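Supplied in structure tokens, the structure appears directly below.
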Amino acid sequence: MLNFERSYERTPDQLRPVIFERGFTRYAEGSVLVSFGETRVLCNASVEENVPPFMRGEGRGWVTAEYSMLPRATQTRSPREAARGKIGGRTHEIQRLIGRSLRAVVDLEGLGERTIKIDCDVLQADGGTRTASITGAYVALHDALSGLLEKGLIERMPIIESVAAVSVGVVVGVPLLDLDYQEDFQAQVDMNFVITSSGRFVEVQGTAEEEPFTAEELDALRDLAMKGCADLTSLQQRALEA
Amino acid sequence: MLNFERSYERTPDQLRPVIFERGFTRYAEGSVLVSFGETRVLCNASVEENVPPFMRGEGRGWVTAEYSMLPRATQTRSPREAARGKIGGRTHEIQRLIGRSLRAVVDLEGLGERTIKIDCDVLQADGGTRTASITGAYVALHDALSGLLEKGLIERMPIIESVAAVSVGVVVGVPLLDLDYQEDFQAQVDMNFVITSSGRFVEVQGTAEEEPFTAEELDALRDLAMKGCADLTSLQQRALEA
Amino acid sequence: MLNFERSYERTPDQLRPVIFERGFTRYAEGSVLVSFGETRVLCNASVEENVPPFMRGEGRGWVTAEYSMLPRATQTRSPREAARGKIGGRTHEIQRLIGRSLRAVVDLEGLGERTIKIDCDVLQADGGTRTASITGAYVALHDALSGLLEKGLIERMPIIESVAAVSVGVVVGVPLLDLDYQEDFQAQVDMNFVITSSGRFVEVQGTAEEEPFTAEELDALRDLAMKGCADLTSLQQRALEA
Amino acid sequence: MLNFERSYERTPDQLRPVIFERGFTRYAEGSVLVSFGETRVLCNASVEENVPPFMRGEGRGWVTAEYSMLPRATQTRSPREAARGKIGGRTHEIQRLIGRSLRAVVDLEGLGERTIKIDCDVLQADGGTRTASITGAYVALHDALSGLLEKGLIERMPIIESVAAVSVGVVVGVPLLDLDYQEDFQAQVDMNFVITSSGRFVEVQGTAEEEPFTAEELDALRDLAMKGCADLTSLQQRALEA
Amino acid sequence: MLNFERSYERTPDQLRPVIFERGFTRYAEGSVLVSFGETRVLCNASVEENVPPFMRGEGRGWVTAEYSMLPRATQTRSPREAARGKIGGRTHEIQRLIGRSLRAVVDLEGLGERTIKIDCDVLQADGGTRTASITGAYVALHDALSGLLEKGLIERMPIIESVAAVSVGVVVGVPLLDLDYQEDFQAQVDMNFVITSSGRFVEVQGTAEEEPFTAEELDALRDLAMKGCADLTSLQQRALEA
Amino acid sequence: MLNFERSYERTPDQLRPVIFERGFTRYAEGSVLVSFGETRVLCNASVEENVPPFMRGEGRGWVTAEYSMLPRATQTRSPREAARGKIGGRTHEIQRLIGRSLRAVVDLEGLGERTIKIDCDVLQADGGTRTASITGAYVALHDALSGLLEKGLIERMPIIESVAAVSVGVVVGVPLLDLDYQEDFQAQVDMNFVITSSGRFVEVQGTAEEEPFTAEELDALRDLAMKGCADLTSLQQRALEA
């Protein structure tokens, strides 16, 4: 049993309130402000009519992502990466993860020789910014691709299935879904799962924060994540139908 | 006479609709999303209990600013400065301008040995991002200082008077107030004024885009800017009283 | 059934020949050249009598790692990161992973206020460089700590249990242990596991290279990895007793 | 009335002695050492037979500038920007200003697809380095263009009118022309004007150093600057006729 | 007379034991681990089928080198240059020296439009790393060129003669050949000579560490170096015949 | 015999006209514009009342140098190192050489815990910029130290003897002293010597540009350099007495 109250009075297997605000900015081909509770990420998808040099002439497209936190997205201000003149290791890890996750569900041949660049800018961070980014980026990507379809630039949606991501963790011995910052801070184990709408895995990342975890804990967390991503898949679906 | 229609059906001496959303994010001591029409800038003021090394022990505070555009704030995506590994000349110019403008109206002794850092992140850009940043940053700064006052960390508001900024320019021969991107693009002359509530100048910056301008044009633009900043001062006042 | 022959005529659940050459260089407090088949990584552990600034005065130690490939460790030469002036995302990811993996089995309080820095330099790369690095780094770390113990700088070994790492993947439908470059290149799924001698997980990282994988595949790969890390644990043990 | 003596026993509306040494170095197409009193800037104009990538094929030329201070141009040595690995904000601002000022009086079509690069290197700094740079750069530019004309590479001088720049400011309440470092240091208001030979404005930049300034002060400073630039225009003319 | 014992009980004009391990790694076209006593450098020669942009179309090849020390090649760990984001002055000097030394004995026309890049990575440093690098790099280069010859990509070996390098110095008044770290540390004069098999000089570099040296000392050091390089030439010859 | 005419109708063992303009700028503690024919270098010596961190508390001083070429010192413009964001290998080599050369003749203990920084900025380059820099820097250093002596900050001149530098080379078979750019460009061998007033060597650097050189050529060049430095020593002496 949990000996503390979760934000939004959630049970261990419940997501925070998840909201997708499509069309949040006006210039991006897809622009979604996604909220997982107090975590808010602006996901802007841009279409560029070319691919990186190493892919030219192959007839395939590319999907890539950049991730950044506004300096005051967090409780205390963090220095701006542009001011420090380089991108940190954590940022690199996250933006590579977002890119891989999206590419796993896109038919790159169907996309044609163009690049979709997704900028995930965290306006407010309360845990789970990378999973919110992936989940919101999928919706922004879908909007950008719908635009290409409407303009007749592609013949059909080059999306194989949808993808969502969620964090899970063990806090004071209890496996929890969708950790907020307070929970994340106390977690013994912290995992992120990226799962498609068919219930298959794109990425699994787990880290023992304090001490190593057992195969049983791994199973429990995997099940929670599958449940959470199924819920997110429905919410994405609903948002895209709105 | 103007031979084109201004956005929002404005007369030459009218501002775009200006909105201040205070408390836009929850962690910053002052957080204001300011809109000048479609230009939207998130101004977050952070309080740090120290000053830069060169000022230590002098009993005075400091106010500084950083400015950035989200990559897709604009019609076409711009590369992220963090990714390019350095801050461009334009960004440098603007963040120095914002810092100087705010320091001109702050009693740095009254602030004590602390720094207020204002992050101005442009979510959407439709002309006038630097003037919107200064105008919104003043409100965020005021909120951050009010917080210090409430906590008893300072005894009275270390603000001498308020400050606002506006762009003016000559478009197809007509002096206009608060140019949007379309107008800015066509302007022969482009000026930015930073003016206090007592009608005095903190900064004057004018550039002939196409051909040099006359002393008469300079006078006309100055008068428009004084009118515009007086309007902004009232709007700031109203927002802070809300 | 496998329709190709594995290097060293291995069965799907067999490691490549693993060799630890202790004392490979003479100055480092621990120096191990580890080979996983043709993958060869020089792991040098250095003891520094201080900790990073953010940890000073807390009485705890730190373990961190840096990772690099010699330009010609690979089939075609890669540019040197020092020459490009920055460390790439992949390098960042790997060196953070190595550091976390080792810290998970070290009693940082028992280490005292000192830092063990492990440099993992890949001399030759044939797949699995990050897992070889972790596995070899553990032996180098052990040697460095033994040195501290012998000099009386610490009272007992600040190691909780041992740690090893292995890659697993699905190649043409068959789950395989310890992929070489050729196998890695063709893998549909690629996972890395970091597992302690008690069979618990420190890190789990899985990526669908081509298409998402099922819960069954995840289970099969986890079991293979547990088998492989148990084998590596024995080999580390034997090397340390030599 | 002034309660201190100005350098060179100047009245408030007098320039410092201004000298142009043409042909100061032998390789640059235009090479002018300009002195405004003790401020000495070497302005070298180089002709390059191409334009930046974004302008290729448009049949127009480009004029750009770089600005730098020798480390010991000032009373105390400043670190070299090359050693710090980046160009500071102030340098960026100034070199953009010089470039814009010169482009305003050049017929870029008449120049053809070539670039004139002006390097302004401050050998000694006693206030007004940016205005001396612009004023000297114009002469160097003129010399470089005369060379093109003599070689028959262009048919006529692609210069619309001449341009000069001067600083003005309010010191202990008195508006002064062409401030030296000592005056600049004490100024309440500091402005720079770039004005053409026809008395029109290319750039106006004013900053309240201590407290905001009034519309009356703005007018007085503008008049001083127009007088000063008219004087500089004559001196440039005379130097070019020498 | 020497009042201390040299490592390996050497006389003043004796080299340390020199070993060339050819084929140390498997992917490089030439791969030599060279040891001068405890100094060990991995020299990998890579063939690239192009030349730097400034040489294209001239029908000539290029030979260049990069040099780096592993962080723990030395008694105390040095920060990694990639982590510091730039290559230091000493590294620049050495890699330029290695490149020039090799180019002096290569017939660049005979090489054709290809580049040989030699990576010299110091695994262990005990003095003389740059001279060991040059001496080992020559052997790696020879192996890479032999490979081109065998594949029929070139018609004959584009090597004019062989080249070797050695350090000499004056320690407590005595001129010594091939200084180890302990001797180098105490040397009053430190010189490096790069000499071809015909006994001619490619590079001469001498530095007075403590006080200037006389013409007589210069002569004595030169003679020692000629003797040492002749010995190295024989050893290279023998290694290549093995 | 020479089959071409040297600049200034020089014989093979003659220097170009050498001029020292002391006090060229007004703020540096020593400021010398040195000319070796058309090569002109501004050498500014700055006194700083501290030493680098690694030397603090040892009671000794430090002498260091920075070297840079103005972009248009040369026949064609070179990009500014500050703009490229890093200092090139050649610059590193030269500034390290200048620093070592000056330290060799300074009594660092006698200097006390202060740093003399010499900035050598090449205004015009016609060959021999590094040797002109060393030769001029010595005079600037002397002036800066004389200033310290006059102010009573040191008790006696901490200079052991004077130092000068010159380039020598073999051009179309003839050994020449003090090469200008045209000669340097054609030289088969290019050497730089740094020699003290007592005729002893501080630095010897020789590079075979085209083909290796013999021991006889080395001797001839050494003799020329000793003659040239003796001449420079007299000229420095005379300049300092002026």
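Order as written gives the chain letters A, B, C, D, E and F; numbering starts at 1 within each chain.
What we mean here is this: contacts are C-beta pairs under 8 Å (C-beta built on N, C-alpha and C of every residue); 3 or more make two chains touch, one makes a residue touch a chain.
Remember, it's a predicted structure, so these values are computed and weren't measured experimentally.
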Target chain E, source chain B, minimum contact steps: 3
Other chains in touch with both chain A and chain C: none
For chain C placed onto chain F, the superposition rotation in degrees, Cα atoms, nearest 5: 120
Between chain B and chain F, centroid-to-centroid distance (C-alpha), Å: 51
Averaged-CA centre spacing for the pair chain E and chain C, given as whole angstrom: 33
Set of chain D residues in contact with two or more other chains: 85-86
Topology of the chain contact graph, where touching chains are joined (line, ring, star, complete, other): ring
Order in which chains appear around the ring, chain E first, chain F after it: E, F, D, B, A, C
Chain E partner contacts - residues on chain C that touch it in the complex: 25-28, 31, 38, 40, 42, 44, 46, 48, 66, 68, 70-77, 80-83, 85-87, 91, 117, 119, 121, 123-124
Contact footprint of chain C on chain A as seen in their complex: 86, 88-90, 92-93, 95-96, 100, 104, 191, 195-196, 198-208, 211-215, 218, 222, 226
